[in-house]
Amino acid sequence: MDVLVNGVVCKDPMLAQASDFFFPGLDMPRNTNNRVGSNVTAVNVVQIPGLNTLGISMARIDFAPYGLNPPHTHPRGTEMIVVQEGTLLVGFVTSNLANGENRLISKVLNKGDVFVFPIGLIHFQFNVGQTNAVAIAALASQNPGVITIANAVFGSNLPISDDVLAKAFQLDKKVVDFLQAQFGPKN
Amino acid sequence: MDVLVNGVVCKDPMLAQASDFFFPGLDMPRNTNNRVGSNVTAVNVVQIPGLNTLGISMARIDFAPYGLNPPHTHPRGTEMIVVQEGTLLVGFVTSNLANGENRLISKVLNKGDVFVFPIGLIHFQFNVGQTNAVAIAALASQNPGVITIANAVFGSNLPISDDVLAKAFQLDKKVVDFLQAQFGPKN
Amino acid sequence: MDVLVNGVVCKDPMLAQASDFFFPGLDMPRNTNNRVGSNVTAVNVVQIPGLNTLGISMARIDFAPYGLNPPHTHPRGTEMIVVQEGTLLVGFVTSNLANGENRLISKVLNKGDVFVFPIGLIHFQFNVGQTNAVAIAALASQNPGVITIANAVFGSNLPISDDVLAKAFQLDKKVVDFLQAQFGPKN
Amino acid sequence: MDVLVNGVVCKDPMLAQASDFFFPGLDMPRNTNNRVGSNVTAVNVVQIPGLNTLGISMARIDFAPYGLNPPHTHPRGTEMIVVQEGTLLVGFVTSNLANGENRLISKVLNKGDVFVFPIGLIHFQFNVGQTNAVAIAALASQNPGVITIANAVFGSNLPISDDVLAKAFQLDKKVVDFLQAQFGPKN
Amino acid sequence: MDVLVNGVVCKDPMLAQASDFFFPGLDMPRNTNNRVGSNVTAVNVVQIPGLNTLGISMARIDFAPYGLNPPHTHPRGTEMIVVQEGTLLVGFVTSNLANGENRLISKVLNKGDVFVFPIGLIHFQFNVGQTNAVAIAALASQNPGVITIANAVFGSNLPISDDVLAKAFQLDKKVVDFLQAQFGPKN
Amino acid sequence: MDVLVNGVVCKDPMLAQASDFFFPGLDMPRNTNNRVGSNVTAVNVVQIPGLNTLGISMARIDFAPYGLNPPHTHPRGTEMIVVQEGTLLVGFVTSNLANGENRLISKVLNKGDVFVFPIGLIHFQFNVGQTNAVAIAALASQNPGVITIANAVFGSNLPISDDVLAKAFQLDKKVVDFLQAQFGPKN
């Protein structure tokens, strides 16, 4: 009988099969016809049950021209990418430093370039070229999680109070309401 | 001779003193006369060197009336608070769920109430009362880090490209520029 | 369906509620009318199921005048306290050092003072004032455990052989028997 | 050049030698002519520098007839023993259980018997035979630490206040003073 | 009711018994009448359920004269042995070093000698004496695993392609086939 | 001043630069003109110092037609690959199972296929096509290490005794000597 470890099935090694460690088709371009012009195909413990307890996962990221993988964090693991096609402007922002700054560490990457986004830090990848771009990502968790900043802050269900958001972002409540309308659960 | 562990001094136990494990004055109200009306006094391995390797720290959070500890994350540890005075609206937002939502888990806390903000998730505390409020926080890291979302996204040094931010937040570049002016390094 | 992680329920994030991360009433004084004159109110994964996997918990410690939180250890986590009221003599004893000593690291704490008790070390808190005292504790485990030395050594069920205890503590067996009568399971 | 990891030398693998992973003479009986009639020979990272980062150590424990390895804890690792010679009464006491008990888990071990003492719990080994006894121990840390309860509680330097000890152990201060004289730093 | 942790039963401490932490008979010589002339008696979480979560196990290794515990790895933990009887040639090989070498760290051990085999490295123990030999091993995992190199490479079920093995070991396929016949699942 | 963590430089975040998180040129084919017809380009903490403490690395693996990445283990981390070009026969062998078997988990992978090689297990990748093949690997350690089985067993410096190898692999010593000549340090 299968047991659960981390809430996920852990198969008897007598019964494990190659298909438990396999996922196909990461070479296929994904549809980037959406608001931000990007699409992340995750290959983690949900897709490959054999990753359970192993602390790693991968992803393919497709970008339309000027497509953006918007500012987000992975709460449970560092990300490392290699560019397969295209030209990406990438960056991460440090946590609050002793001098009060948040430093942006940023670079334009071309095909074959590798870059690291340390665990928990806000980062983005932006296709600055006129052609599609593709990156392959490695993530240091079987289930790294993702928090898209705009969606979590302005689109949560239920919404965060606009008193909180107006003060936090020094915005007029109308702008907050506009942002909440953009990112809210019905969008 | 002292050695470094985690890049921080690790004292010979023959020489350790009570002062290496001590920090005074967490009962003193802090100045909340700033833009958000709150002030966090951290008591971590920087203030108490004896915390090195021990995986915990504390903080005092002061709130003016309607003061806000704005949306932020701790990349290296869960936070847990107990309210000492006042009434706080608190909440955290889940990471992106399978159905595409980011759920807000939120509650109004009164004196003596305890609440948990899981590691890496965006959270806030807002004083909804007309008097000062105070919370004591425990954090599951000797050096949990903090990323204030508005500052990291709109105030980084150097700034994130306004192309990125305009697309990510679906904002006009003028609004992005306004936000960057509010949170930029010179502010 | 809920799954167990660490033997404790781990809720689907689609179903988690604020009440899973909440515990009220830590401002209420507890009854210290007992032999040692102290009372520990734990707020850990038993009280707050949402703490599961998060590595932290809190407690409130009440002391009558001259009340004592007697020598004990937490086998799974460091403790850090802040004094809310009163004056406490606190201390911990190092593990056996290379020179054969066990050093006492001790301090008198007043309101607002913070002190650290490293994982696994024997420590105590003693109200040296004529009024009640209160401390708020943070502990670096969702389930830190506690071993009260006198109870574990002299009050275990079944009792440790008095040959062992007499030799270990260099005591006459009559004194051992007296101690076992004091701390034994029926007391 | 050697670097320090965990405050201990970490040798370049190009330069490591068999002697860095070796310790001789664990077959030799040790002198048990002392107050408790036992002697622990530790083989940890202090004796074998190559154990650094590897999470394990061993020890030899010699017992005179009726010799005792008195109640103690290892704050950083579980212990597991195999009896080489003689007959030992061994036991450990659980941490405080939900019903207020501390259960003693105890057994008489003969040659070849294996027993486990979980991390952080108070335990002892007592030679109940008329001949010498020997055990080989494995410990789940390169530096497990040891806290001998009687010494840490009654023999610390400086001493714990006798107000604390008298109340904690429900003893007359004269008995506390006697115990402190037995275990104090000068003894 | 018992719960599973790591896929293994985790007993309620109210119900734990000494037998959950006990294994007898590690003093009894084992049968070494096999191809390699050695026999490993593991004492891990399978034999002692109370080892669950505790990160340690032990083993007894018997060697006939010129018996060999052949090259193998423990993927989940460092091993440390003490020789009980006889004379063993032991060694481990480093992982691939920067200069392309794999260094052999090797030593002849006599009774009472202790040696360390770091996690994941290929190692062996060979009885170079004319009498039986015995070692007691400590392993830094409740379930360290073992991979016998010859069996895993040449005896897997199904077999690794002889194209792979011939090229990897620079062997004629006939020699590969001979080796696979020796170690194959039917042997 | 820079400090060392894990024996590797840990830069002050005030001074970190994009180049500390960057490595170029992973799109460039590598020279596979060697005995096994493959070439691994590692991108770990040696190439990218900013990976220190982050628990991940990547690699590019080039294969000539019928090129082989021969059986090896990574002692410190799971590997996950995605095929960029060509057709690979890949597999790993389980550790010794309860029934004495070592199971081969194997699959032919085409472009875009992903496969997992769990930590510490012996695995290989073999180009079964007539064209070059390329894979991108993610590894769950900043410094996963690699042990090439044939080199570690038959090519160590100094050599493992041919008594040991002959018995372990059930080979004539002449075959062992031939293998040692093939893989020995001078080759």
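We just call them A, B, C, D, E and F in the order they show up, numbering each chain from 1.
The rule is short, and it goes like this: a contact is a pair of C-beta atoms (placed from the backbone, for glycine too) under 8 Å apart; a residue touches a chain by one contact, two chains touch by 3 or more.
Every value quoted in this text rests on a predicted model; they were computed, and no experiment measured them.
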Quick one: which chains contact chain C and chain D both?
B, E
Among all chains, whose Cα centre is located farthest from the one for chain B?
E
Using mean CA coordinates as chain centres, what's the chain B-chain D distance in Å?
41
How many angstrom lie between the centres of chain D and chain E, each centre taken as the mean Cα position?
28
Between chain E and chain F, what is the separation of their C-alpha centroids in Å?
23
Counting only residues that touch at least two other chains, what does the list for chain F look like?
4, 95, 103, 106, 119
Would you mind giving me the full set of chain pairs in touch?
A-B, A-C, A-E, A-F, B-C, B-D, B-F, C-D, C-E, D-E, D-F, E-F
List the residues on chain F that touch chain D in their complex, please.
4, 6-7
Touch list for chain A against partner chain B, complex
35-37, 66, 68, 70-71, 73, 75-76, 89, 91, 93, 95-96, 101-104, 106, 119-122, 124, 126, 145-161, 163-165, 167-171, 175, 179, 182-183, 185
State the interface residues of chain F toward chain A in the complex, per the touch definition above.
13-14, 16-18, 21-28, 43, 48, 50-51, 54-58, 60, 77-78, 80, 82-84, 94-95, 97-99, 103, 105-107, 109-119, 136, 138-140
Residues of chain D that touch chain F when the two form their complex
3-5, 10
